[in-house]
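Notes for the one structure printed next.
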Amino acid sequence: MSDGFEAGRRMYDFASKIFPYTRSITGEGVRQTLKDLAEYVRPSGVELKISEVPSGTQVFDWTVPKEWRIKEAYIEDERGNRIIDMKENNLHVLGYSIPVDEWVDLEELKQHIYVEDGQPDVIPYVTSYYKERYGFCMSKNMRDSLKPGHYHMYIDSELFDGVLNYAEAVVPGQTDKEIMFSTYFCHPSMADNECSGPALAAELINTLAAADKLKYTYRFVFVPETIGSITYLSRDNHVPYLKEHVKAGFVLSCVGDDLDYSMVESRYGDTYADRVLHNVLKFKDKYTIYDFHERGSDERQYNAPGVDLPVVCFCRSKFGEFPEYHTSADDMTFVSPEGFQGAYDAMTEVIEIIEKNAYYRVKVLCEPQLGKRGLYSDISRKGSYDGIMVQRDVLSYADGRNDLIDLSERIGVPVSEIVDIVDRLADNDLLEEVEKPSV
Amino acid sequence: MSDGFEAGRRMYDFASKIFPYTRSITGEGVRQTLKDLAEYVRPSGVELKISEVPSGTQVFDWTVPKEWRIKEAYIEDERGNRIIDMKENNLHVLGYSIPVDEWVDLEELKQHIYVEDGQPDVIPYVTSYYKERYGFCMSKNMRDSLKPGHYHMYIDSELFDGVLNYAEAVVPGQTDKEIMFSTYFCHPSMADNECSGPALAAELINTLAAADKLKYTYRFVFVPETIGSITYLSRDNHVPYLKEHVKAGFVLSCVGDDLDYSMVESRYGDTYADRVLHNVLKFKDKYTIYDFHERGSDERQYNAPGVDLPVVCFCRSKFGEFPEYHTSADDMTFVSPEGFQGAYDAMTEVIEIIEKNAYYRVKVLCEPQLGKRGLYSDISRKGSYDGIMVQRDVLSYADGRNDLIDLSERIGVPVSEIVDIVDRLADNDLLEEVEKPSV
Amino acid sequence: MSDGFEAGRRMYDFASKIFPYTRSITGEGVRQTLKDLAEYVRPSGVELKISEVPSGTQVFDWTVPKEWRIKEAYIEDERGNRIIDMKENNLHVLGYSIPVDEWVDLEELKQHIYVEDGQPDVIPYVTSYYKERYGFCMSKNMRDSLKPGHYHMYIDSELFDGVLNYAEAVVPGQTDKEIMFSTYFCHPSMADNECSGPALAAELINTLAAADKLKYTYRFVFVPETIGSITYLSRDNHVPYLKEHVKAGFVLSCVGDDLDYSMVESRYGDTYADRVLHNVLKFKDKYTIYDFHERGSDERQYNAPGVDLPVVCFCRSKFGEFPEYHTSADDMTFVSPEGFQGAYDAMTEVIEIIEKNAYYRVKVLCEPQLGKRGLYSDISRKGSYDGIMVQRDVLSYADGRNDLIDLSERIGVPVSEIVDIVDRLADNDLLEEVEKPSV
């Protein structure tokens, strides 16, 4: 029995599996996540190619940082009670903490504790990638309940010359023009941000690999955020190659909740990726368009001057717009199979539009006689609009100037409905695809 | 004594004369209407050229249908009382009904009766051009009052290989660039839709024929709706000829009431016809602009891809927007001489703008000294704006970039006011016409 | 001690000094005003070049009028009491009055008295430049209180072949591309309109003359309104020269009050002057943009077809928009050092933007690492926006397509903030100026 959430359930399960790993921008948690991703897509025949870049490598204006190994982190009181322990929640340790093993009084301890003042119940997610520090994160309530006394701060960690990892998968199509998806995996135990993006990307790989034929080649990039996308772009001549080949790109982030659909536009909001995703979102019951000033993930790098890739960011609820963001409350209860499924459906709509999109022109002068072809009365009505009217509008605007997205926007129905009508009209020899806009 | 409604009264009288004829897309009613039209314009010296196209002729994607001859149609009860008779109202018979002569019980009779559920008092207008049926139309109240019993359905009609008629008149101007008007006459006894369009078109022919000189050639097309305009366009190489010559075109429909002024824009709302009619309407007290999605009459064919003529539709109240539409309530009381006159005035404004329109440039640098020419104080004030200010604005924007419509839109007064000022300034050698926009 | 109003106070004092002079479009009052202006700017080393054009000279469509000399004007009653005397307020005499010396009764006297009906307390400002008349101006209350009797109308004036004066100053820059300021001085004792414009222009001359280096050449034009700007443009081949060299121009009028900031756009609102001044005004707490239909001062001539200079008008409160306008209530209490200072600050912002403006491009691919350069945390927050975010936005949009004004508009902060950031980023070798938009 199908409830339409099969893909959503698979992604949810995969996110649940990788949720507990202690990820950061480098390290074992990251490698375990990539191994799981590789395994998830292996049955489809697609190879996830994992790369490593040594610490200290110059990547554009940045340097690949040391690798972080974390074994243990806790605070215990004088009686040996562990106040917090990263075994219980890996958010308890400040990301990239250097080691510490020291007894201090409460006053000094508090200088190393990070809380979220406005949300007293949650553990915040805090990191210190580029300045060497140690620290602990806990709820404000817990910190405020600590009694004077001595406390043992213990972190067994190491910063060492290691590697930064990223991965890439390509599903080839008939042309080398590409559609790109990019997502990131550098966060520890948070669900929407960011166990969801990798799960969705992997599921899309499997879907595309199973497709009959694809017009476009699909590239999937898995990186640690910021330093990862910068590293990726700086290697293998990627910038000029992608500038030449990428037709549209989508950063996937926070795609497992079911509260909204949203996008962050590209630098000028005028790329093909903007057009397609705008069109898909506008037919959702609820959606939000953020302009580029609201950017925050790797769309920052893909849209940087000189990189100039046509990339937008797709989210269910956008990062920074929900209170659970970057806290322990972003756990597996915040996401759902339904939420994942909605994101998956939106992205498959995006892919269908891109694969199908073309310009059309009617082949007869004046309106065709629909009655004699049985095209007048047997058009199903979908939703609230009138199928006959939509077909009539398609015939009026299929003049070689409008692609499927233009037709959808002019007529006010989703591209999928336009596609049904275009296909039927083409079957009746009333419509033909044309090379490019004739006006 | 003139009350400004002379033309309106002539059109109203003509509409009253042709109102009773039993018109359809073919047949005697149509031919009688065309004869009356020819007679109406004959004194002006303009010939109405009537064409006929045989049934079965292929016209683009369509086939000219059989001609319909209707002699009698009634329903009588067992006592010989005629329940309805098309002699009383020709809407009582379903358009293009095939013959019938049969006694049936009430239940079966009702299957052949068409009513307008939402308007229980009116007889609806219904046709079945492309499927052979017979039927009767009456008010819902009448149908609901019919008592059980036997009824005689009688229609003496014939569908036979005949002709489809259309007509055309041309008022020549100094150039072969054309302004086109198209209207239709295929409806039986309804006044606004559509005894009004032919009446207005005929009156405009007489007006233009009496004009001193015309810059443009004016073409008037009288057709049955849809099949007629398709037939017309398919014959005599009309599509390429009109594409080359027509500068603006106007479908006239529902132009006899006095409730609104309205237009349906062209396919992209960007033609010269759109510009001119927009401008005329915006200075009416009340008006409505419908975009092309609201189209319904022959603007559909003139705007079809590949036909691509710059044609809009002009109405007082737009078809489909008033409850009397396509019912017996659209009778000669729904229209009025005042209503016709308003439509006529709007169309003569359109013609005046098109005839007069040009780009102008001032001939002095800086503001001219108006006082020494008596142009400062003796400008009449019209309405609420200040004539001095309008003249000042004309002098500022007459820089070779703006035509009369641009000036009207920028300054916010009708073109007719602009023309008065432009003429006076040109008389004072302050302004000259220029060939085309100089920027 | 500085309160930020030093320049405002200087301008206020200068306006106070010239306030009492009896100015008109020609005559001694004008020459005294120009002498004072020359003296005001002399210490800066800039020469105010004063020109004279003889009465009767043809200037485009106009003729330079006779010069007006006025010595005395009063009305006295039978007992020798002076009802009004222009010694008390030079608005009491109708501008350009011819002489009169006549005893009349009250009825006839009233035919030569001008009042402002809606403002019974004020003396209106009225002139009759191009028709020979004599007259007196007084408050409506005074006129209504006059008792029947005999009155002596006395005006000792003369219209004779003299000259019209205007003046010009140029502050040279590195290029011969010019920024132009134009103001007028033809009004008698009114403060905002128009002792303020000349005061501001003179102060700007001093400021520019003291500047280290200037990219552009600055031209200041002082004229009587309308006839003066027409005369100026008609002489010395000014129109073609200015069309070739002027990049932006600003008419200064009513710049001493503190009620608003406003501008009148150029003919199409699309010049560089429009862009710059729009940008400056939008960051003021209160401002008003008037389109060209609201024009009234010399922007009329500079924007005339064929003259076509990129000139807008800058005001605090726009002429005609405040009740004190063109009455005795526009006195030195209506303006203030604060009001002048605000206008001066806005114009120096305009100059700074024009001097600094350029297109920029970042020199690294992807986001630069700000932390290692100390650019991440030490950015001061100004007002309500976040300096870090502004710097991030500058880096994203400095792609060679946006000048400082574009960046300001996109990011929503004043150009001055953008300049600070651009300078710091350039100091860190992250940004470079580029010749022109690269896209």
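Letters are used for the chains, namely A, B and C, taken in the order the chains are written, and counting of residues starts over at 1 for each.
The rule is simple: a residue touches a chain if its C-beta (ideal position, glycine included) is under 8 Å from a C-beta of that chain, and two chains touch if they have at least 3 such contacts.
Note that this is a predicted model, so its numbers are computed, not measured.
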| item | value |
| --- | --- |
| Proportion of interface numbers common to chain A and chain B (over half same, under half different) | different |
| Relative orientation of copies chain B and chain C, as a Cα rotation angle in degrees, nearest 5 | 120 |
| Centre distance in Å when chain A and chain B are each reduced to the mean of their C-alpha atoms | 56 |
| For chain A, residues contacting two or more additional chains | none |
| Complex interface listing, chain A residues touching chain B | 361-362, 364-369, 371-372, 393, 395-400, 411 |
| Footprint of chain B on chain C - complex, ascending | 60-63, 130-131, 226, 229-230, 233-234, 239, 267, 292-293, 295, 300-301, 303-308 |
